[in-house]
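The data blocks that follow each hold one structure.
In the two complexes that follow, chain A is the common piece, with chain B as its partner first and chain C second.
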Partner chain A sequence: MSAYDVSVLSVIGINVILAVSLNMISGFCGQISLGHAAFYGAGAYAAALVMIGSGSLPLALLSGAVAGTALGILVGFTSLRVRSDFLAVTTIGINFLFTGFVRKQAWLGGEMGISGIPGSGLGARGNMMMILVFAAMTIALSVYIGRSWMGFAFSAVSEDEDAAATLGINAGAYKLAAFGIGTALAGLAGGLYTFFTQFITADAFDFIFSVMLMAMVVIGGIGSTWGVAIAAIGLTLLPEAIRFVNDYRLLVFGGIMVLVIRVAPGGLAALARRLARGDAK
Partner chain B sequence: MYYVDLAVTGLSFGCMYALMAVGLTLVYGLLRILHIAHAAVFALGAYITVIVANASGSILLGLLAAIAFTPLFGMAIYRVLYQPLLSYRPDVPMIASVGLLVLMQDAFRIAFGEQGVTFQNNVYLFEIFDIGGERVNAVQIAIVVCTILVFIGLHLFTTRTRIGIAWRATVSQPKIATSFGIDAERVRYLCFAIGSALAALAGGLVGLLDNLVDPVIGYVVSYKALAIIVLGGLGSVRGTLIASLVLGLIESYGTIFIGSWLNRDAIAFVALIVLLLVRPQGLTGVRAP
Partner chain C sequence: MSAVLELDDVAVRFGGVQALDGVKISIAEGEFVGLIGPNGAGKTTLIRIVAGTVKPDRGRIMLAGRDVTGTSTASRVRRGLALTHQIVRPLRGMTVLENVVLAAGYRRTANPLRALVNVERRAEIERAAAILARVGLGGTEGKLAGSLPLGQMKRLEVARALAVDPHVVLFDEPLAGLNQIEAARQAETIGEVHAQGVTVVLVEHNLEAVMRVSRRLIVLNDGRVIADGAPEIVIADTLVREAYIGTGTAAHAEH
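Up next is the complex of A and B:
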């Protein structure tokens, strides 16, 4: 396995965690978030600072998850006040707020970012294994939640909040839970990214990256853990495999996103289900 | 005088935002879709302006070409992208819209280059006027004048003309409007045509003001105009104007007082988030249904 393979696999693992965790918020619970990169970034910066300060890998990863979830719960509270598309605008705002804030902070490295972050001590291959283990755990957690009572409550909130309330489901609490879990995982992914690159700038966590993550969720099929995980892998590999795609990454991603929504709003997952049932349509 | 300078800058930026956002408000009011690809229409208008202006030597011709062509593009977006998705929940067309924006922005980059296109002979930018001690250029004046004309025009259109009244009827009660013989489809096409023309006008003027049209020109629209229409309340044209001017002023003063720890874009969103938490229905809007 070459160094290139190791780094591609690491990026795939991180993107899978991000896409699957975004799917918990936007897919399971129906709260469209276009600012997932902000939570990812918060986790990365927190992990970097803690690692520089303490030198402890578990502590750094934990603080990444905590930072992601802290910001996530904050945004979750906004979701209690505003609904659907207005929430989407607010989350775009959170993303710009995050990058705008970080760029101006000397203690976060400003425009230059933070460099010279101590390594995890596991080596590139060990890092990759760690990332892939976390990615597998994220998928497992997502599948488990999808089948649990919580997953049922999430989809009730997603379908119709008022009807969910009449079933005795506390919509607010479940929305906060979705944001809390999803953003904790995004923060964890941020921590893993910090150890992967050992160098972070605000540019890695901009709005465009949030859109790419949303593209993975939509293309995979909103609400389907496996669909989203496969889309995350495919869309990460695509620019690596095809030179054209690497040059025109956003053109291709945007194009696929539009096509998928237009042709099959349920994404790959819905297409697969349709094929499995053998529908003519 | 310093604070007056800031107010002038703030208000001229506010007018610019108002021109950018009003098309978005019209679409949102009618279809309840966050038309994020409006930013792509805006960028298209800016590109047409700069290319036609450079080719023909007339900036006015460039603006007219942009205003003439973009409505077709806007109506095509409605026909191809939104119309088939109207029966889905509003975030489905919104995500499609984000996809279209990202796609178009990359297409502009590929077609016209990363560096963007500059105006070869932008005479208006260097024509400075002195108004009561304030130095402003002709483009800034044009933006303010256009904003005033556009909003007066929209007001007259929606209150005095038959099709304008049909529009308002469709906004408030689509089903009843249809039963009164109003063709809702036609109103929607008209809405996209007018909104896109206004976006093109705004794009051309902003391009002139910056003397540059680059692939990221639409970003300001994609996020700030969104913030504005949310601030202004659900599809309210008056609210959009007020929110734009308020945001222009907040940014203008904000960059002086808190600019050292937040940048301009972030300040706009702090204002948005604080306001949304206090008044989820926006500045002038009524509570969301």
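Up next is the complex of A and C:
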């Protein structure tokens, strides 16, 4: 396995964690978040600082998850107060606030970012294995949640909060839970990214990246863990395989997203179900 | 008999309108109470106050002896209050069975952590299927709730209400929009619910139906309780007649 393969597989693993965790918030619980990169970034910066300070890999990853979830629950509270379309706008704002804030902070390296972060000590291949194990665990957790009563309640909250309330389901608590879990995983992904690059700047966590993550969720099929994971893998590989896509990344992803919404609103997951039933056009 | 639902001096004001003014109602376990009143009498506000979607300016709401005034709809449901909506609110993207299973699992979904560690749902599925059969929805389990005709959606609301093991069910216009056959069928189901020991509060425009099934009638007008007692006595009350005829809603008594 070449260094290039190791690097691509690492990025795939990180993107799978990000897309699947965003799907828990936006797919399972119906809370449209267009600022997932901010939680990812919060995790990356927290992990970097803790690693520089303590040199402990587990502690750094844990701080990444904690930083992601702390910011996530804060944003989750706004989801209790605003309608879903305003939540989308609010989360966009959070993303811009995050990158804007980080760029101005000397202790976070400002525009130059943080470099010279100590490595995990696992080597590139070990890092990749660690990332892939966490990605597999994220998928397993997501599948489990989908089957649990939590996933069941999420879908009720996603569809109609008032109807959910008459079934004894406290929509607010579930929305916070979705944000809490989803953003903890995004923060963890940030920590893994920190060890993957050992150098971070605010640019890696901008709004455009949040939109790309949402594209993975929509193309994979909102609410479908496997569909989203496969879309994350495919959309990470696409720019690697086709040079042209890399240059026009936003254009291509946006185009695919519009096409999916128009032709197959359920994304890859719905398409696969239709094929399995044998009634595909 | 102890009170399952009590409103103690409840008042609420919207802008310049005193929607409810010193409402005092006590409903004992096992009662079948009809709640009527002309349009604008405050029925909808009263339902919202009991459901917890509107907070009163003054007064207390007690559910099974506990003060629930400041609590959410969901926590009231978990304490034994079931609600059916005037405008049906099924979870349209789920099947009929899933709608009732989710209601039957109200203990498992009481908080996200408990919901996260619980996967098993066989007992709830069995219970939900039994309830669906009881309200006459046997055979529709696998259909999407959103695809049901209105009459069946209204019964689905009743099924969900029953699934949360209620002490008291608040029916908000359960007959509205139904044809005569469906309405008769729905009224029968509500009667059966009561026969099983559940306290019923029926808010309904169809005066004839309310008169037929209720053992006690409460009349609201201008945000106040103007009569409370046996239906035949209440309906003969001059104040009640004036309230209805005076606002021209007597027509509702016709159908």
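Rule of thumb we're sticking to: the second predicted complex is superposed on the first by the 279 of 281 C-alpha atoms of A that agree within 3 Å, B and C clash if a C-alpha of one lies under 4 Å from a C-alpha of the other, contacts with A are read in each partner's own complex, and residues count from 1 in each chain.
Going forward, contacts are C-beta pairs under 8 Å (C-beta built on N, C-alpha and C of every residue); 3 or more make two chains touch, one makes a residue touch a chain.
Quick caveat: nothing in here was measured; it's all calculated off a predicted structure.
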{"item": "First (chain B), second (chain C), both or neither touched by A:8", "value": "neither"}
{"item": "Partner chain(s) touched by A:32 [first = chain B, second = chain C, both, neither]", "value": "first"}
{"item": "Partner chain(s) touched by A:162 [first = chain B, second = chain C, both, neither]", "value": "second"}
{"item": "Partner chain in contact with A:150 - chain B first, chain C second, else both or neither", "value": "second"}
{"item": "Per-residue touch tally on chain A - higher for chain B or for chain C", "value": "B"}
{"item": "Shared chain A contacts, counted only where both chain B and chain C touch the same residue", "value": "none"}
{"item": "Residue numbers on chain A that touch chain B, as the complex places them", "value": "32, 34, 78, 81-86, 88-90, 92-94, 96-97, 99-101, 103-105, 207-208, 211, 214-215, 218, 248-251, 253-258, 261-262, 265"}
{"item": "Residues on chain A engaged by chain C in the complex (per definition of touch)", "value": "144-145, 147-150, 152-153, 155-156, 159-160, 162-174, 176-177"}
{"item": "Contact set on chain B toward chain A in their complex", "value": "32-34, 80-81, 84-85, 88-96, 98-107, 110, 223, 226-227, 230, 260-270, 272-273, 276-277, 280, 288"}
{"item": "Interfacial residue positions of chain C with respect to chain A in the complex", "value": "51, 53, 72-75, 77-78, 82-83, 85, 89-94, 98, 101-103, 105-106, 108-119, 121, 160-161, 164"}
